[in-house]
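Below is a structure I'd like to ask you about.
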Amino acid sequence: MSILVDKDTKLVISGLTGREGTFHGLNNLNYGTQVVAGVTPGKGGQKVESIPVFNTAHDAVAETGANTSMIFVPPRFAADAILEAADAGIALVICITEGIPAHDMMRVYVHLKRGDTRLVGPNCPGILSPGKANVGIIPAHFFSEGNVGLVSRSGTLTYQIGNEIAQQGFGNSTIVGIGGDPIVGSSFIDVISKFETDPETELIVMCGEIGGDEEERTADYIAERVTKPVIAYIAGFTAPPGKTMGHAGAIVSGTSGTAAAKAEALEAKGVKVGKTPTEVSDLAVKTLRG
Amino acid sequence: MSILVDKDTKLVISGLTGREGTFHGLNNLNYGTQVVAGVTPGKGGQKVESIPVFNTAHDAVAETGANTSMIFVPPRFAADAILEAADAGIALVICITEGIPAHDMMRVYVHLKRGDTRLVGPNCPGILSPGKANVGIIPAHFFSEGNVGLVSRSGTLTYQIGNEIAQQGFGNSTIVGIGGDPIVGSSFIDVISKFETDPETELIVMCGEIGGDEEERTADYIAERVTKPVIAYIAGFTAPPGKTMGHAGAIVSGTSGTAAAKAEALEAKGVKVGKTPTEVSDLAVKTLRG
Amino acid sequence: MDLLEYQGKQLFAKHGVPVPDGKPARTVEEAVAAGEEIGYPVVVKAQVLIGGRGKAGGIKLAKDRAEVEQHAEAILGMDIRGFTVFELWIEQASDIAEEYYAAILLDRSAKLPMAMLSRMGGMDVEAIAEKDPNAIVRVHIDPLIGFQDFHGRRLAFEAGIAEDVIRPVGALLAKLYETWIAEDASLVEVNPLLITGSREVVALDAKVTIDGNALYRHPETAELRQPGGEDEQEQMAAERGLTYVKLDGNIGILGNGAGLVMSTLDVVAQAGGEPANFLDAGGGSKAEAIVDAVEVILSNPKVTAVLFNIFGGITRCDEVANGLVTAFGQIDVKVPFVVRLDGTNDEQGRTILAEAALDGVHVEKTMLGAAAKVVELAG
Amino acid sequence: MDLLEYQGKQLFAKHGVPVPDGKPARTVEEAVAAGEEIGYPVVVKAQVLIGGRGKAGGIKLAKDRAEVEQHAEAILGMDIRGFTVFELWIEQASDIAEEYYAAILLDRSAKLPMAMLSRMGGMDVEAIAEKDPNAIVRVHIDPLIGFQDFHGRRLAFEAGIAEDVIRPVGALLAKLYETWIAEDASLVEVNPLLITGSREVVALDAKVTIDGNALYRHPETAELRQPGGEDEQEQMAAERGLTYVKLDGNIGILGNGAGLVMSTLDVVAQAGGEPANFLDAGGGSKAEAIVDAVEVILSNPKVTAVLFNIFGGITRCDEVANGLVTAFGQIDVKVPFVVRLDGTNDEQGRTILAEAALDGVHVEKTMLGAAAKVVELAG
């Protein structure tokens, strides 16, 4: 088992014919993911290696039975591509695109919440279920199958921590990058609730960062609903208050939302918090070895 | 039993302090309906006879536990009043107002469909469950408790037919005016499905009219899902094609939507169709007497 | 409210839907002046609220001043399927490479806006549907999220239009939806949607219907009047806020509520009579409205008897009765009236009528009885 | 992107939010001319991207030309909590009957717009919250249905503002929401929202933040520059499209992805070092971006060592290595670099660095090792 993506994933990629889309799409295909289609308006009928390209997501779904969509188009076209995938009946949309206007995502989020399509991202590295499917830009060769579920707001930090755990000989059920934007389709809680019911996952690692109150609310959720051990990492202890650190996800506002406040909230609910990626990896390994 | 409104209905009236709002609100109160509040911005703290008035629907719900709202405000304020009632957590909103722009109702309809609030109307006479509650402008003294469920797109036609049945000694479980506008919150199907599960209702009478394809779709629904006998009436046999007859609900477009086509569709599914209100009443009484 | 072609095109232009240059004209002189300003060739187009203008000779190409004059003279005053031509639209001529069909309307079944596109334009949508039902692509729009680029692409690709105009046709559909929303339209239709020889996309015709209930938000549109577009009685009724439709018979009908009035027409017809009109005095009909209604009904010279069929809910029968008494005081009524009052305050209403003892007013208890009586009195 | 008060007010005016008359001025002469044009009394207001202007002496009432001149001279060039005043806003003076607080912002928790209103304006929202948390009324707006009249009424009634201004304050909130939506704002704040002696409702201040990701839709806003609003390095980075925040230490930091960079800062701090900056080269960092980044980092004279911490996903380590080699070719680098490459194409990247054998570049395998090394080298 694993969550969200696996051997049954049939992937359609919006923006497959672009440079990055082709590079990562073929990477995903070569990993073993069923990449069944691409969508690029006006390029219907073409192919990217073995992958057929369609003019619309609706055509792609009708012809290939795609059930998962990856969005790789530039920011100003991303909201439209997500809505198109949802309208075409795709159950899971994973949006890699960075720099989408927050108001676009706000409308998309409220719209999707009322339907049957789950969104992961945007501004995320995607989802990897080692040995089963890789959808996105996570460098899969660092990771192997295993029982650690990993969920993170930061892409590169995900690789860093996942990789440290892997170097100690452990693998992952699924690695989910939820993205660091102010509005993302899936929250820590959404993903952790799936890990909780996934039989393969025995330990959950979450990587948060400053800004918002996601981590604080997740702490409450874990205390109430999660039976599996959770190890957390929070980035941004050194961030000065009031300064923007990269994406808008990292704005410290007032007293709440700091790394220290988040770490404290998690520890108060019994979640172990590592101070560096290495310490997180050590805590995880110690817990797994019992 | 009965459907939609009954002894547990706690009614708040938007527009209670207006002339018509006061007249019909007090009529409803005098009938025995629990009219617990009115809403008129700026008149919070006043009373209409015994009924307290609040500035907002939220205040009214918080103070009185209102669960049903009747909208009696002018057309340009009606969409806002419906949305306010829904936002305040009201489960059933009955909109009497006539002449609301169709685009307003289109947005309201799509918004409410995704939430937990049921809308009946607009441009409808309301709902009467004889002996239990009267919400709206139906002249209740014509009707008594009984086992005929009545649902209609037309207000006055409802009274006409209900009255003819009453004169033959039969009463009604509930009388529901769904309204004749192009977009109404509840359809024939919505109401008939409730009559089907209401133990008090033994016979269902539906009054349709030209325009749209509601009656045709209802015929299919009745054939598939309704076990109780249904008698139908369709108004507009004499309407010339292409002419607007009153509200937009009565536009005949092309071959479909005519009274003849609707009557035919219903009869094809085994629904008895009366040619005049009197004939409908006679058919109903005959069926009831077995 | 239906708009004339050129009125619809002016709304299109306001929202960025491309339309050819043109000017309206009500006289031959104005038509010639418009032709001179626009430059030849131009098309002289009859402005009437009915289809089939081309076949009726209401659309003519003019390659010079003399031809504009000649066509304008011929078309102004022409009768097209019952509609007199009072206005022309003088339009720059377009060269035609392809003719598509596009429309946005409110789908009552889904309760959602629907966008339609077909590669087979230039004929009625019914004709397209008959020739090839698959040639009309339909897409619902969620009005809360609006028309997205993907809707336009989907319509354009699935309709199978020329590949080089997929993008501009999609963009035009988005603007058309914007027009539909911003103007509170129930229908906007473009037939044909033209692709010119130089591959420009242009709305060559415009059929626009605006929701009458929303006209308060569109005062400029509300002021557009179509001379000759309405019957005399219908115009009189519209000015008084009554819903009136003229029919061919001799029995004037007034009722409250569209459903009851329609049913009344049906019952009168079944009783062997011929209704002269549909008149819904509306919910909550006041005495003044009744006076207005009586005036409108009697202004039709064919009327030989009148039926009032009232079942009071929000309407109060006493107000109707008072209105009738007032009307009889103000108007010299020469035809018999049959009045049936039921519902809210019906007893008071009947008492008022009994006390007034109006000449030629018969009170009946039932709808069927009233219908039979009025048919008898109408002769 | 934060806007100055007067830039925000110009957006307000565009969307119908009432603001007092005013003119911007960059010199004393412009300030005097503005005062003459507007008519006295006027208020001379420092335009800086920081609160507390009033207390710092940056807002002064002037009742004639001489006072405008005097205040403009004093305020221009003034330092307000680290920000130099380069611009003034000369504004018609308003008389104050009540001061409220209003804001629209994106609530990250609910993922919805939130409207806020308080009857206690004129002080920081934090101060209001401390004094009386119930005095701030918050209402979420469904962005698909928009700000409805009832939202305005609810905020106004629940905030307990004066009864006679319930309606105009509700209307102002609706316009404020319209501004927020139309301008892709993440925040619009009005403090104080003024009720004048003649009971007019006016936005007396404006704090507006526009989503940088949406600036492509707002070219006029994108062109607004705040002289002195940004640090030299931060301005250089912004021009090159890099996310850079200057800090107080001496170790230059570059990473890819905000989370990893933040984590790098933390690890360097834990190792006893002091980061000189935050620099996220972004997803898919290309060679040119690396050259730009090195230039920006080294333009800070405090930097004594630089740490590159790259874990490649969409970023390819070979491109980063190539960028570093190019940068060393173009720039005279005088401080040591510690480079850690992991992830996509990391072996190629390390090979490129090994072959280039750049002076003072140390390659480390782990993040902790790299942090320890750079702290050691920074001295």
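All chains are identified by letter, namely A, B, C and D, in their written order; residue positions are counted from 1 within each chain.
FYI, a contact is a pair of C-beta atoms (placed from the backbone, for glycine too) under 8 Å apart; a residue touches a chain by one contact, two chains touch by 3 or more.
Only a predicted model underlies this, so the values are computations on that prediction, with no experimental measurement involved.
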Contacts common to chain B and chain C (chain labels): D
Centre distance in Å when chain B and chain D are each reduced to the mean of their C-alpha atoms: 54
Distance from chain D to chain C - Cα centre to Cα centre, in angstrom: 54
Separation of chain A from chain D, taking each centre as the mean of its C-alpha atoms, in whole Å: 28
Per-residue overlap in chain D, given as positions that touch at least 2 other chains: 142, 144-145
Numbers and ranges of chain A residues touching at least 2 other chains: 107, 111
Chain contact graph, described as a line, ring, star, complete graph or other shape: other
Chain pairs that touch, as defined at the top of this document: A-C, A-D, B-C, B-D, C-D
Chain A-facing residues of chain D, complex: 106, 108-109, 111-113, 126, 142-144, 181, 184, 186, 211, 213-214, 216-217, 243, 245, 247, 255-263, 265-270, 275, 278, 280, 282-284, 310-315, 342-344, 366-368
Parts of chain B lying in touch with chain C, wherever the complex brings them together: 20, 24, 75-76, 96, 98-104, 106-107, 109-111, 125, 137-139, 142, 152-160, 163, 180, 182-183, 207, 209-214, 217, 233, 235-240, 243-250, 254, 259, 275-278
Complex contact set, residues of chain C against chain D: 144-145
Residues of chain C that touch chain A when the two form their complex: 142, 144-145, 148-150, 153-154, 157-158, 163, 166
Sites on chain A touched by chain C in the complex: 41-42, 44, 55-59, 77, 80-81, 83-84, 87, 107, 111
